[in-house]
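Chain nomenclature is as follows: A, B and C, assigned in order of appearance, with residue numbering initiated at 1 for each chain independently.
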Amino acid sequence: MEDFSYVIDTFFALFAMTLIIFMVPGFAMLEAGLVRTKNVSAVLTINVMIYAVASMTFFLVGYSLAFGSWENSAMSMYAAFLFQMAFVGKTVNIMSGGVSERVRMIPLALFTVVMAALIYPVVVNISWGADMLEGTFLDLNMYDLAGSTVIHSTGGWALLAAILIIGSRRGRYTEGKIRVVPASNIPLVVLGALLLWIGWFGFNGGSVGSIASKESADTVALTIMNTNTAGLAGALVAGIIMYVRYKLFDITMILNGALGGLVAITAGPDLYNMYVPILIGAIGGALVVLAVPWFDKLKLDDPVGALSVHLINGIWGTLAVGLFVSEISFWDQLKGVVLVAAFVFPVSYGVLKTINLFFPYRADDEMQVQGLDVSECGVEAYPEFKRAI
Amino acid sequence: MEDFSYVIDTFFALFAMTLIIFMVPGFAMLEAGLVRTKNVSAVLTINVMIYAVASMTFFLVGYSLAFGSWENSAMSMYAAFLFQMAFVGKTVNIMSGGVSERVRMIPLALFTVVMAALIYPVVVNISWGADMLEGTFLDLNMYDLAGSTVIHSTGGWALLAAILIIGSRRGRYTEGKIRVVPASNIPLVVLGALLLWIGWFGFNGGSVGSIASKESADTVALTIMNTNTAGLAGALVAGIIMYVRYKLFDITMILNGALGGLVAITAGPDLYNMYVPILIGAIGGALVVLAVPWFDKLKLDDPVGALSVHLINGIWGTLAVGLFVSEISFWDQLKGVVLVAAFVFPVSYGVLKTINLFFPYRADDEMQVQGLDVSECGVEAYPEFKRAI
Amino acid sequence: MEDFSYVIDTFFALFAMTLIIFMVPGFAMLEAGLVRTKNVSAVLTINVMIYAVASMTFFLVGYSLAFGSWENSAMSMYAAFLFQMAFVGKTVNIMSGGVSERVRMIPLALFTVVMAALIYPVVVNISWGADMLEGTFLDLNMYDLAGSTVIHSTGGWALLAAILIIGSRRGRYTEGKIRVVPASNIPLVVLGALLLWIGWFGFNGGSVGSIASKESADTVALTIMNTNTAGLAGALVAGIIMYVRYKLFDITMILNGALGGLVAITAGPDLYNMYVPILIGAIGGALVVLAVPWFDKLKLDDPVGALSVHLINGIWGTLAVGLFVSEISFWDQLKGVVLVAAFVFPVSYGVLKTINLFFPYRADDEMQVQGLDVSECGVEAYPEFKRAI
């Protein structure tokens, strides 16, 4: 009964796509909560812009480059597109979050076009798609179910390039000190992180590609279970480390620990038994807690911890598949990590540098002091609430 | 295998219904973010009231009037009911949002009863349901898959009647000037609009009615894809117009542009190829940007832009099906638009006027100055936050 | 076609599980909105901690105790686990919400371990699971589809024990007066309650266990419809009572009325015709409105109304099945209510008392005055908003 799997897999792809779209408010709320009130409207506008620009560009240009064709016999080609489209903005979300509070809209929108039309589609092409490298010595055999490298490292390398070009926020590293900038709205941070967590079920579960047989139904359910378990472990370990160090439970770090675990599991949630993700996620959470101050020491200013969550754990998660799954070659995984880095980082750097000549990324000091909401949006986020600081 | 489609379509209707119910917090957060802090609890209470009163009334009275019978052989009759029930409150949400900051609860609840028991069910009856006009010269052949006219124009006409009766907010149009009232909480606006966007996938996708064959699975997926594309185009065009005019990205207008595109596509997302929605949505977004100041010039005070989003684009979207789909008659579409207007506007006006005699809709000046939270709810929305203005 | 039901029921369990996970942000936002700003980060951290600790503990220990085995032939065993795992944290959410603003994190985390490893699994075991009491005179025949007793009363009894041990918030009952503590953020309260409402569709609908035949599809759809109807009725009755008494619509009480109706229907939403839930939910809403001040008179300080919503209505809902469904014995229902109480209350009390010796639950007066955000988290929820009170 051919129709059965076509119908079920179309339905399932639409279900998974919908969960991933919840990551749009997820990222938006997370970042709106983490930045200062004077930059909240700007960050929110950036998030909506990314969804609109990246999705439309991917529809018109990027999807064909990634997959070569819209044809699809296993499910509705429209559902297959929607599921893939739900991914593309995430790479820019990762990048934009890390340069919050000093990045301008227009040049960011231009980079979003390039990311969705070219950079991300090429990475997909060589990893999941039409495979333009097939037959060459660069041909990838990396296993990356839902994008520890393809999504998270890609966004992370682009972010690293952006931070190097744009610099840190005004006054963040002065006189040898690191100025702490507290998150302005913790409920939004929690809401956003939990929506991302839920979206991840669609991200990873949907990436299995089919649920229409007993075996694939088991794989989908195991994938979602392992995804969740890694998130739990990441949160727990981050919480424990914070408590041991400071006798305090810093909720933003705990949530970043959870997200780190989720990124780390994303390369192979379908391949592990149900206990391995505890280890993968726990290491992911620990890496976040270690990496956040480390990036600050390097003066790489990342207000939301995106380098720690997405880049570090994107790499860790991809390599972990090679370490924990005997059928997967560690060297193939490493090759994938390196090749994607070698493509995304310099290309992003070059594109950002070029755009920067015409439309500077960095908001000037006056704009930063005043807040980007005024200069970029003309809309204050909370005009009626009196500021304490 | 008859059970297959019955089971799948029941499941799919429940999935779609659930997405639509996310529009309840969607409308609530959108409106709570757009109004001033002193009216936030009142607006939230109205939103919860609408869901409770409209759904219960539709269950007890309206559904039978609309469809004639609860019988349903294609899916569980309970699932069919739930899907339809999820729609009804939206017509009142559209109307209540536009009279925010001066409308009182009790008369609004009474109108909600009439809308859910009578006005909306009659519109559904002649458009999608039992069709009481069949065989008469008024019989409708309008194509309106998910309610550009049936839902959005209906709510819009009721809102126009309400604004004419209730008037503008105190001090909004004085001495020939239009006083700008800034939104109080932009993160809530963004969250609400994005939840509405996600809910639309259920609204339009579920309106296809079945996903249980290859053809219908394709139609559902195309419908959701086209819905999303129109939203993207609406957001992009609204953003571009705002930037060209003001060099600023006003996020509330961008989101209203997206919602305008979503309303416009709603009449025929299943009939277009995948490129037409770019045009439909782009025009939808542009119409919102043009209509918002136009209604202000007419002194029709609409704090959330509901006339522009829902009424203007409900009309545009319905007519667009006649323009872009060769099998659909433009005149049948126009006839539908006119007939629904000719029924909903005068009936709503009469009902509102009548209720107004006994329970005045308009909160008096003192209440408006103080804020409706105090007089209607006794609950301040943010009691601990010191007000700056 | 055996695969059909396996695939569909796995997919449906994953769908239902996802809806239930929306209750994690649901509880978090509801409680963050109900407490004072100085305790918001602490409450949010507790909610995330509960999800992480309870789920991980249930995975490693509790699930096997509850069900005896991971084997499952009707759907993927991973999906079956995920659906059950989504429940466990709720028992602690109920309990922790009611001791908000004075409970400390570490001892609460320890109790969460005991609840998820032992107390809740034993209740599930004797109600839905492996049934260790089978053949004894204590053997339960209680009908409790989705946990009016198993989840809500269990959480409620644990909360009662906790309130007796921890006491009321500092200054809440002094000089014979009850000090009213207003909710700090009403939009979050509404968002949270509506997310819980949506999650309930998964909770109750998923508890039917299968959707893969016509009969079970009807049962699932009826279950979700009845769940929703009871919530509507609870909200309406609570609103009406509040208006009759105070001429004001207190949105927090209306939402608690809705939640009361939802708890009350949870024991038997699949057994009633579609009109009975109106009565069940209406009584549920009324019970909440009556019980909230009653618990205050007893000086049982419960900032979120959890005893009224979950304990009172958990009992009412379980007994209601015996009253309204002729095939169900009232005495079996009562026996279930009593036996679960007789197990959960004293065991929780003993466990809490024991933990309390080593890690006191109660935050001292100084911490309470300062707010738990400082002492427990080191993270203020809204550091930039100036406090009015």
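Definition applied: a residue touches a chain if its C-beta (ideal position, glycine included) is under 8 Å from a C-beta of that chain, and two chains touch if they have at least 3 such contacts.
Just so it is clear, the structure is predicted and the values come from calculations on it, not from any experiment.
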Equivalent interface positions on subunit B and subunit C, same or different at half: different
Rotational angle, Cα trace of subunit A fitted to subunit C, multiple of 5°: 120
Between subunit C and subunit B, distance of the C-alpha-averaged centres to the nearest whole Å: 33
Of all residues in subunit A, the ones touching two or more other chains: 1, 4, 8, 11, 15, 185, 191, 382, 385-387
Residues of subunit B touching subunit C in the complex: 1, 3-4, 6-8, 10-11, 13-15, 17-18, 21-22, 24-25, 28-29, 32-33, 40-41, 44-45, 47-49, 51-53, 55-56, 59, 75-79, 81-82, 85, 105, 185, 188, 191, 376-387
Interfacial residue positions of subunit C with respect to subunit B in the complex: 1, 4, 8, 11-12, 15, 19, 36-37, 182-187, 190-191, 194-195, 197-198, 201, 205, 211-214, 217-218, 220-222, 224-225, 228-229, 232-233, 235-236, 239, 246, 248-252, 254-255, 258, 274, 278, 382, 385-389
